[in-house]
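There are structures below to look over.
Below are two complexes that have chain A in common, paired first with chain B and then with chain C.
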Partner chain A sequence: MLLAFGNFTADPSVNLQLLIGGLALGAIYAVVALGFVLVYKSTDVLNLAHGEFLMLGAYFALTFLISENLNFFLGVFVLLLVMLVFGLLVHYGIMRRMVGQGFFAIVLITLGIATIIRALLLIFYGPTERARLDLLPQGSFEVGGATVRYVDLIIFGVVAACVLLFFIFFKYTRLGLHMRAVADDIEAAAAMGIDPDKVYAMTWAAAMVMAGVGGLLFGHVTGAIDRSIEAIGLRAFPAAVVGGLTSLGGSIVGGLVVGVIEQFANGHLGTKWREPVAFSVMFVVLLVRPTGLWGRKDLERV
Partner chain B sequence: MRSDGLDLRIEDLTVVYGGVTALDTVNITVPPGGFVTVLGANGAGKTTLVRSITSLLYLHKGRVRRGGITLGGESILGRKSPDIVKAGVAQVPEGRKLFPNLTVKENLLCGAASRSDIDGIDESLEQNLELFPQLRPLLSQTAGLLSGGEQQMVAVGRALMSQPALLICDELSLGLAPKIVHRLFELLTEINETRGTSILVIEQNASLALQHAADAYVLELGRVLIEGTADELRGNPMVQELYLGGGGEAHTSYAAIERPGSRPDAHGSRPPVAES
Partner chain C sequence: MTAVENPAPQQEDSPTYRPSTIQRLLPFAVAAVVPFILGSTTENVNFWWKALITVVVLAVVARMAWVWTPRGELTHREDMRLWRTPSDRSWAAVTTFGLLVLPFILASDFTPPMDFPWATWFAVVNLVLIFAMGAAAFNLLVGYSGQISLAHVAFLALGSIVGGIVGVQWSGGNMWVALPAAALAGAVVGAISGLPALRLKHLYLLLATFGFHFVMMLVWREYLQEYFGFVGIRFKGENSPRIASWLHWLPGIDPDDNGEFIITGQFRWYWVLMPITVLSILFMVNVVRTREGRAFAAVRDRDVSASLLGINVARSKLLAFALSSAVVSMSGVLASFYIGSRGEDSFNVQTVLNYAIIIVVGGFSSIQGAIFGSAFFWFLPEWFKWAREELWIVRDIDFLSDYPSEIDLAIKGFLVVIILMFKPDGLAGLWKDVKGWIGRSLARRGP
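Right, the complex of A and B next:
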């Protein structure tokens, strides 16, 4: 579509490279969007701290996988465990007190959490930037004149596996069912003996673990790990919204669509167009379909 | 299956929402295996009573200021709602409150959230489907798309999934066709008689509730105005005037329905009025 704008390059291998880069970027967006969706779907909270969660994950990955030099799988396990504990901390320390408060009050609280995380990371890790992670295979191979990095393939696989896992979890486990019930109607869920407090705690823990995965993956493809990487949260926001904020599959599709569009804007129009185009896509989608491409309008609570 | 109903005692219960008193020194007792109805107009405090028993007031910024609530002799006041369900209290909430995006089967399964005996849950599901055969073909339907009557059946079935010792129904009849409401009330009577489950029915439809309950209370502006056996209340001129509403349309239409199992004294001293 963007090619029709004019005399930009129509060289197929260049476009293939943009497509591949876009899908890789989109997979990262999808990981982030998945975190947004989990929290929004289950607790009705728009978590503006998710980028910071991811930054936390990236820094912890540095600590456990590089500084502590743990075995890769042990390091990942510890990373995700620590993230899980931080998720519980976010719920039991802060968010639990906000249940029943207004939407915007809670959004502002998440902004507060974002600020706290940034401050703590600055205190404990200092302002110097660190080299990106290099634990995943670094090589690449050629397809039709375009380069495909192994790391992008791995990111792709991990994202797909996460979505599949969440899908199975929500569809086939008791806790997953209870989480969906709380999302539908918290009072009815409580009346049935489901503990919304526990469900919310699990949700924040899951979102934080996803941010751990996201931080680990993004830490491999970002230029360097520094205080600016939380911006990935904002950059992935259009992906989450385009996907519909309530659909796990939607977050994947939204991520890929926005990632590819961004890369084509980047390649054909220039870097400065990347974000304006992404947000324009978001606005257009919202105008046409206020619930996003895959977000379903919830049935009335009758 | 647990068959013994537990008794519920509400003593001197006073509940406030901010500065508004919704219940004022209310005393209500459901005997073990009893069938009790609480009647009252809109805003009388009926739903507040249910929220107090099931510890859901906090979701509405309400709180118990005074009084006590016991189930089977044990205080349940202030315990978390999951614990209260575990203790044996199930409810059909006002307005049904199904999980609209879940399927019928998933809704039913949510009713068993407090249970740990996985095999028993399947059994209860099957039992529910025998109780409501029309739900069987709808199991994988999204609950929000069902008719009002079907939804209410799911709501009752969902509550029964926890094998309650006390079942509370808040305005079961609201917005439903009289025929369906009758069926549901007969079912409650059957569950009460065969399983021994204690039942507390909150109603605006006084004539119907008084046909099925043994004891009754009338709540007005947060206070118990009248209490007695259902027979006494049916004979009470004030109840007749205010709640059996001398030929009020709701009552007229219910009386016109033929009920195979109805008790001979079902309509008290007032003969049923035929629908025009």
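Right, the complex of A and C next:
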């Protein structure tokens, strides 16, 4: 291990390449983490099915944009619309009944949803892997001996735009205010005339749309689209935790930090160290500062 | 807690009744002896005769245990018994009988109607035993003590590592040494993995223990590559567990031709797995009834209040982690030796989900539920496989036979969702409802 750390500064362009790769990976993590944060922020649900939502998005992108060969913008619109409908379905079909249940029961029901989505995708799309999407520009350019792909830049731009959009939404729109109110205290919000049911439905729809965007983007950088891409949901946990589970901006910073750390672990220690290192970072952050960098602190009364 | 779930019989007006010691023990003695008599007369008696005798004995044993139960004014000692109501004692006697008679039934050759998969059932029963032990320990930690942990698969892996080091590398297939070693290692590592619980709760604890899962997976892969290479650890063949030669005088143990008694085949494995599982489950049921067990529940409900009651919260949490991990590690050793090989992909995130499915379907925070859940988890695919091939109408649907494993997965997912939505206490709750319904309808009829 010390030897591995020894060549840390051997070749600056290697480290630059790892840094850029890490930032690219971090942008993807940020997309996923944003989905976690959206749901957790307003419904207090830890959505373990987000990786499967993302897989759903990627497969739908495959259907609408490649198989049906729709115009890019029309295809994306249809994709997001379908995901929105699925989000409403998840809320009105399942999650609505779970409001007020114990924390672990809700976590487990998201696991159940994840299992269903995985099984249905296997039935309808089969286990064969598909080529990744190629609709965004595929080229790359060189910076100081390292390669930067256009796709990564686009992903980064889209994530930043989404965060900004959600930030404005939460801060300045009426529905965003309602969402924050419900997240803060559901009973008080209901007493003020806010319909928590509608707010939750909107939250799930927004999370699903975000998963659609994430699936579309991730479908461009993954090796191939197959059943294993749902793992991104679990691998993005450290990012969400480091940034703080209730902080939108934190998901970007957390994603980038964890992505870079993972890439460096990958490059200097070996592939098998990726997950342990990322989760160890998460572990340390949890012990030192459980709410992450910018998370909301909860008080508890006896 | 037990007092609420299982109220003492309200029979102030009924006369005090004390069965003699012989009367108290007789049903259990019958339940323990009859299976071996039935099992030793394999050739002469028809399967259906044996089934009839089994059912009759089952009813007789249940009735005897029901009648010969202390009633009326109970002493404190009687009130504290694990099985004290007539119904508890009947179920205990029936379960004893069932567990002992089951291997003989499954080992007899019998062709059920419609090609019901008789031969595979024994394997499923043994797997159920192993999984019930692990799931009950998991439920003790997550459901009963409220310490949300996703690290239990890490402890299965720990069990395999200890089984590999102690059972294979040091002693060449000595499972009996590996079991206590795994319990010890599991308790120590479990207490360490529980350290975050002192500071974190709920969601954050879940995430922290999930981190521990990935660290343990790294340890497992490193260990495999260091000593065993790509193929994984072999627990079969020359490494399969055996009974030492100085114990060969025991009844029922006749050594094979080479003078060894190797534990192989479902029948022999059953007699290893069943006692270990039953003992560990009884152990956990009793832990819940002690002061420490009640402290677990108090910490789960509100740890600040528990500390005001004089409970050492840190000690209680770590003890819950240590106990649960010790039992899970032991079940990991058993699973390794029973399944026979453990490779790199034996443990993954799907295994974590499987255990979660087991405890949800069985019933959250109930040790009985862990048994129901693992039975359901293993029997459902077998039953479904049979239905796809043999059951009329179902066997004609091509869609079902085209995607067998996917549909199993989908059914499991739908079950978890439906049970959590409509019956949060799972199969154990359903069982309690059925028992209550039968009891009420019997009582309504009256004497």
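By definition in this document, the second predicted complex is superposed on the first by the 289 of 302 C-alpha atoms of A that agree within 3 Å, B and C clash if a C-alpha of one lies under 4 Å from a C-alpha of the other, contacts with A are read in each partner's own complex, and residues count from 1 in each chain.
What we mean here is this: a contact is a pair of C-beta atoms (placed from the backbone, for glycine too) under 8 Å apart; a residue touches a chain by one contact, two chains touch by 3 or more.
Treat the numbers as computed from the prediction; the structure is a model and nothing was measured.
Asker: On chain A, do chain B and chain C fit together or clash when superposed?
Answerer: Pair status: fit.
Asker: Is A:46 in contact with chain B, with chain C, with both, or with neither (first, second, both, neither)?
Answerer: After superposing on A, A:46 lies in contact with chain C but is clear of chain B.
Asker: Just checking: does A:118 make contact with chain B only, chain C only, both, or neither of them? Give me first, second, both or neither.
Answerer: second
Asker: Which partner chains sit in contact with A:156 here, chain B, chain C, both or neither? Use first/second/both/neither.
Answerer: Touch status of A:156: no partner.
Asker: Contacts for A:177 in the overlay, against chain B (first) and chain C (second): which applies, first, second, both or neither?
Answerer: In the superposed model, A:177 contacts chain B only, not chain C.
Asker: Once the structures are superposed on A, label A:237 by its partner contacts, choosing first (chain B), second (chain C), both or neither.
Answerer: Only chain C; A:237 stays clear of chain B.
Asker: On the A-aligned overlay, A:290 touches which partner chain: chain B = first, chain C = second, or both, or neither?
Answerer: Second partner only.
Asker: Where does A:98 make contact in the superposed view: on chain B (first), on chain C (second), on both, or on neither?
Answerer: In the superposed model, A:98 contacts chain C only, not chain B.
Asker: Is A:194 touching the first partner chain B, the second partner chain C, both, or neither of them?
Answerer: A:194 sits against chain B, while chain C stays out of touch.
Asker: Counting touched residues of chain A, say whether chain B or chain C comes out ahead.
Answerer: C
Asker: After the two structures are laid over each other on chain A, how near do the C-alpha atoms of chain B and chain C get, in Å?
Answerer: For chain B and chain C in the superposition, the minimum C-alpha gap reads 15 Å.
Asker: Return the residues of chain A at which the contacts from chain B and from chain C coincide.
Answerer: After superposing on chain A, chain A residues 300, 302 contact both chain B and chain C.
Asker: Contact residues on chain C for chain A in the complex?
Answerer: 142, 148, 196, 199-200, 202-204, 206-208, 210-212, 214-215, 217-218, 221-222, 302, 304-305, 308, 349, 353, 356-357, 360, 364, 403, 406-407, 409-410, 412-417, 420-421, 424
Asker: Which part of chain A faces chain B closely enough to touch in the complex?
Answerer: Against chain B, the touching part of chain A is residues 100, 174, 177-178, 180-181, 183-195, 296, 298-302.
Asker: Within the complex, which stretch of chain B touches chain A?
Answerer: Against chain A, the touching part of chain B is residues 54, 56, 58-59, 61, 80-82, 84-86, 91, 93, 95-102, 106, 109-111, 113-114, 142, 144-145, 151, 158, 162.
Asker: Going by the contact rule at the top, pick out the chain A residues touching chain C in the complex.
Answerer: Interface residues on the chain A side: 46, 94, 97-98, 101, 103-105, 107-109, 111-120, 122-123, 231, 234, 237-238, 241, 245, 272-273, 275-276, 279-280, 282-283, 286-287, 290, 300, 302.
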